[in-house]
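These are the structures, in structure tokens.
The following pair of complexes shares a single chain, chain A, combined with chain B in the former and chain C in the latter.
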Partner chain A sequence: MSAKSVSSTIRPFQLRGHARPLTHVRFNNDGDLLMTTCKEGTSLLWSSYTGELLGSYEGHGGVVWSFDFTSDSRKIITASGDMTSRLWDTETGKELHMISAPSTVSDASFSVGNKMFFIVTVNNMNQHSSIVIYDATSFELINRIELPRDLRFTCALWADCNTRIIASLSDHTIVSYNVRTGETTGQATTAHKDTITDMQMSHDGTYFITSSRDMTAKIFDIHELSQIRVYTTDSPLNSASIDNIKGHIFLGGGQDASQVTTTHARSGKFETRIYHEALAEELGRVRGHFGPINTLHVSPQGTHFATGGEDGFVRLHEFDQNYHDFKIEFDENFEPSADVN
Partner chain B sequence: MSADTLALSELQLHSINLDEKFQNVVVIYNTPVVTQEKYDRLMQIITLKVLSNIDYIKGTLEMPKTYVDGSTEEFTTKGFCFVAFDNADKAADAVKKLDGTAFSATITFSAILMSDVPKYANLPDEFVPPEIYPLIPNEEKRSWLLDSRHRDQYAVHFDEINSIRVCWAGEEPEQCAFRNNWVDSEFKWSSKGTYLGTGHSQGVALWCGSNWTRFRYAHPKIYGFEFSPNDNYLVTYSFESIIIWECSTGEALRTFTPSATGSTNVLRFSHDDRYVARATSAGLQIYEIANNEITLLNKKIYTVDRLADFAWSPTDNMLAYWVPESGNSPACVSLLNVPRLTVARTKSLFNVSHCVLVWHPDGDFLAVRIDRSGKVALKIAANIEVFFIRERQIPVESLEIPDNVVNFAWEPKGSRFVLVRGVATYTIDIYNVDAKARTSIQKLKSLERKSHRSISWSPRGQFVVFGSLRIMPTESAPGTFEIWNTHDLELVHNSSHDQASHLLWDPSGRYFASVVSIRDGSNSENGFRIYDFKGKILHSEKHSMVHRFAWRPRPASLLNEEQRAGVMKNMRKFAQEFRRQDEARGSRAKTELLTRRYNSLVEWNRFREAAIARSEEDHDRRVALLGFDPSQVQEAPVTVQMEFIIEERTTVLPKN
Partner chain C sequence: MGAGPALAKRLGYAHVGRPFRGASLSPWKWRKFGRAANHPPGPQFSTTGLGEPITFRMQLSTRVEEENDASRSMVDSLRTNDGVSCRICRGSHFTAVCPHRDNLGVINQTISLDPTQMEDVGKTPAGRYVPPIMRGRMGAGSNEPPAYTIRVSNLSEFMYEDALRTLFAKCGIITRIFLATDRPVDRQGNIIRNSREPPRCKGYAFVSYLNKADAERAIQEYNKYGLDNLIMEVDWARSKDE
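Entry: the complex of A and B
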């Protein structure tokens, strides 16, 4: 079967701007901008089409863990280990506002329509891990969802027209909360067997994908948090993204950073794996990183994908004709005959 | 340390192990119970009459007494006595003589070694019937041969938890059996493949039939086990005893005591399982196996002075043995017919440092590889003596090799052999033997400057694989190998499997495997690969550790020459049929895949339709949140301005 050829000719830009492991890479809504952050604290903005460095956002005094664009790409919110979350003007790079938190901010995200945003704090410095929801114009606190001391939020998403927030917890479960009341509205207790490292929403907001150190990625429905698909791999996963146009899943990961020096790049499994979304069959792999892939994202238009590695490199890939033409062997008119079971 | 514990540890220090001490003391039972009046007379009679021709230590005859209460004079004897000997051997001899001696018309003595007392004392009081082994019909025992696709099996012992997996070989191996903790030490297939034997600390378990029925053979602390050539008998070795078992009933037929030197302990069966022999310092012990009894042939050892080694013919009841040089008498190799014990041929040899006896798998030839101890120092040379077994009077042809021979192997089902010679880099010679030809041993080809020294012949002959494999655990191996067709004398393929230690052909000669295993000291990537006979990789597996890989052997084909010729003649027809079956299987696999994909997709679409329908209901809410209707927005064309500097050029304009 020609499945492996899906990735054979994809050629990347290697973006060299960071000196430390990457933490987050995301395209904006239009797919023309790529932002990357790393453990050094620098946030860089690139052109998706040319790989050109457009600018940087200076100000954080520690690692930038995550960020989000507004849907019109005019503003960016960043989450940092310096216990602040900052709002930036995308075009000028000016800092618009700063929110101080009692502990490390690990995630930040705008709601649909950009009227609200939340920040996620972790449970260090004797603090509880929490999701704090703010009004995006007045910066007034709307609600605060707090966990017991021994638990931590690892990832969070806006869901169901901003009425809910779906979050993964450090006990490998997934919980959904009502934004206004903070009540638990749903729970997937056996979601994964190890730390959930990433959650990304589908373009229409009806399902999301999770990646985990337990070597699987899973698709869940946002309403019942029921498991729809499982993608099983042979390496711990750090990130998972959906190409909604082709119906493909992109997975990245690799062995723990502490063990990386003992393994060969080939056997460390530092490849991006491409799976068929509906069939959960592996279609191909893209090599290139020398360390685990920490984060990856497919542009909303399905034209590019970017990976950020522990090795400090960002690889920006433009899908070629071969990828767009790829079709898994499947007869449209195929009808299963009765005698095959 | 308190006084109590000190006393205890002292006691332990002086505790007596009956097994080790008192091996030179014999206990005689059934002596008459007498009082003090007759005691001296009894002692006298026993000394004179019973012990007169026994070599015991004088004055050690001791008869325990029971004293009458409060008296030091009146007693009765207890009815047994002790006698001491110089050593354990003398005591053992005395037991044979004394046991069953008639003392009077009514009294018969019995005697045992003092060290055996605990053995008899600990006998259970109740009779426990031995486990009766289920009878497994031969068809069931050989069920794996009835595979509809005529595939061969292999077994791998891998990982920390001692898993064994048995698989059907082929383009895509199919698992037949799998179990964790299936074995403690090592596994082995029986010689004809009937049983899978697994070694455990308590003994050996054999597994057989399609359900892998288990048979157990309890022999604690074994260090190894072997099967007879026809799968009838199992031999288990421990440092205390060697036991021959009948596989089907689980009956221990005979127990042997191992001698001090290891090599002479090995029991070797004749090709038909009728005789079993071992080498001792006095000569050959050849035992006949008949009616579940193993008896020494002619009730005596076949005396051979200085016997070094022997080997049974793989097809006849004949064995070859060799004797090293001693003083003026030369070394010699002899062929012995069993059970008549007549020597069929003897050949004397000079300047021999070592001999290796290599039988042809069909028993047609015997090659004796002789390493010369040249009188001139540092001159290494070897000889190959070929015995033509099927010819009248068994002629012997000799081949001089002025080099160091490192390996030698006969071609199965053919008349070729291969020898590897040299030091560090090797030369591989391919020879043919033909008794009728003028030069009965003819060199066909020499392959020079090779690093390969291992030889693996295909079991069907013709093809041979030369490999540079890890032989010593400490060395590192490139794992390169070459496949040669010895009929056309051409190289078929060369390849490598880094650190490989074994190249193993399956019994049909269709496939071979290269194995990297932890048992041979390889810490790098353990695993195995299966190739077809042309060297194409069909399957490859990696594990954290591989202990052992083994193909399941097959019994000899039941087809006679005519039937085989018939098959060869109709080969095209058979091939067509097999090809058709392969294609059918291929299309069935494809249909299965398409069905699986179809069902998967149907399920996914059902989920998507429901999700989209639900999201439609939220359409108005979403429009309110966004401030526009995302479904109405036209994708604006993206305009990107790009500027590429293609070239920079400086041109100096001419002055006007």
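Entry: the complex of A and C
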């Protein structure tokens, strides 16, 4: 196994539209749009090729925690701390529908094919944390999955052709539910040792990556919820994304925001780390943020990646040719070492 | 039905192409909305800025190579790679992050006593201390990465290093730039100390590239290139031995 090291130079766009820490950064399915949300409650849409601001979605009265594009990018659903989830027309910025929830909405996501969506509510205001599944056209309630009072959903994903929802819980476990019946279909009880901060599905939908404050990111199989790979780092992680084209893993994080001012920027470990997906070995680091990276995403085409930091900046990177040329040559008799997971 | 082959008939081929960008929507035709409603087309300085260029290295960490390539001899692995070179294992990373710092540091001390290197030490006049930088070739220690250096001449006296860097960085990664300058002098030819004038260029400079191909490209690109009313001359730099 060998690899010729390459030196990659990127001149990122610095997108200055937000005044407070970023909460969520995602490209659409085609990779030409980038949406960013922050704790101030603004949702901004950018062009990922030119970095220009295309518009904003005005209406939320509190922090926007998360959002999701439909697969054709025509609609966007946002999840907000003002106890609503809103559906927007991507092109005009008009609000199409509003769903009120009993407590803060922390996540929202469209199913594959956009016929359903779920919203995730948290367990404040004397409420139970729940995943509520709606029909995307009639807005009828399809199902509701509720947790005991002391537990909370942190992230959730559609899986297995919309038959299941995989969710991470505040007790650091990962559970999968049947969408129609709400039954538990699988559980990974020892998934992580600390809060699970992000979950992103792979391009083919057969595995997903989690990032955790316990300084590891892990890849799980969607059916058995069995652990496939572990990526061990030296700082708490806030986000993990998969570059499906190159087979690389991007991890972002850094020490707690409350600790940031006490140390030098270099020792805060605010770099994006690039790992090899199969070998679980670190390949490189991209610096740039002054604070922890809250959220990051690699475009589905593998051409761009965007990071959103606690410092309020979004950095939009376009990979250069050297990154695309980087290749690891494997010997014929190569066998992966046994300790990768 | 039995387990016969599935009934299928090939009618023809269709090439399903994928549009280059933005399958369903083209944001370039949109009217901007919300906060950006009054923005003209194109990126605005108020929201979109270009950050500093970031260079990062993609490589397999040395730990993996060592584990899977145990047959390779230790001395062999001490070869210098391009770019950054570690003082302990000569790998292409900084000494401070060397994974071999604890175990190889000791071995390295013994290696430095091997006869080929002792010869170099023997050449220096006995009993006199010679700083490492003066051993071997003047100034350039043998540990330095292979730099492909070009000589740029016929520059105007107002040339400064940043301008040169901007110009030549287009061809590749620059490891070093040397711009020959004169200190400002008064009419009697005395050096003016604390002068506010910038140092004047002597008319030539050396630019070192990390890769040979980049240096070749720079020669092709910038030889006979007009700059500040002068025609620049760019060629390979010759060492003093030649």
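To be clear about the criterion, the second predicted complex is superposed on the first by the 320 of 341 C-alpha atoms of A that agree within 3 Å, B and C clash if a C-alpha of one lies under 4 Å from a C-alpha of the other, contacts with A are read in each partner's own complex, and residues count from 1 in each chain.
Methods note: contacts are C-beta pairs under 8 Å (C-beta built on N, C-alpha and C of every residue); 3 or more make two chains touch, one makes a residue touch a chain.
Keep in mind the model is a prediction, meaning the values are calculated, not measured.
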First, second, both or neither for A:K115, with chain B first and chain C second: first
Which superposed partner A:R287 touches (first chain B, second chain C, both, neither): second
Which of chain B and chain C A:I328 touches, first, second, both or neither: both
Touching partner for A:I228 - first (chain B), second (chain C), both, neither: first
Chain A residues touched by each partner, larger count belonging to chain B or chain C: C
Contacts of A:G205 with chain B and chain C, given as first, second, both or neither: first
Chain B versus chain C as contact partner of A:L54, first or second or both or neither: second
Touched partner set for A:E277, first chain B, second chain C, both or neither: first
First, second, both or neither for A:M35, with chain B first and chain C second: neither
Which of chain B and chain C A:F13 touches, first, second, both or neither: second
Chain B/chain C common contact set on chain A: 30, 32, 47, 49-50, 279, 281, 328, 334, 337
Parts of chain C lying in touch with chain A, wherever the complex brings them together: 21-25, 27-28, 30, 32-37, 39, 41-44, 46-61, 63-65, 67-69, 81, 83, 92, 173, 210
Residue numbers on chain B that touch chain A, as the complex places them: 588, 591-592, 594-595, 597-601, 604-605, 607-608, 611-612, 614-615, 618, 621-622, 625-627, 638, 640, 642
List of chain A residues in touch with chain C within their complex: 1-3, 5-17, 29-33, 42, 44, 46-47, 49-58, 72-74, 90-93, 274, 276, 279, 281-288, 315, 317, 322-323, 326, 328, 334, 337
Residue ranges of chain A touching chain B (in the complex, touch as defined): 30, 32, 47, 49-50, 71, 111-113, 115, 160-162, 204-207, 221, 223, 228-229, 277-281, 328-331, 334-337, 340
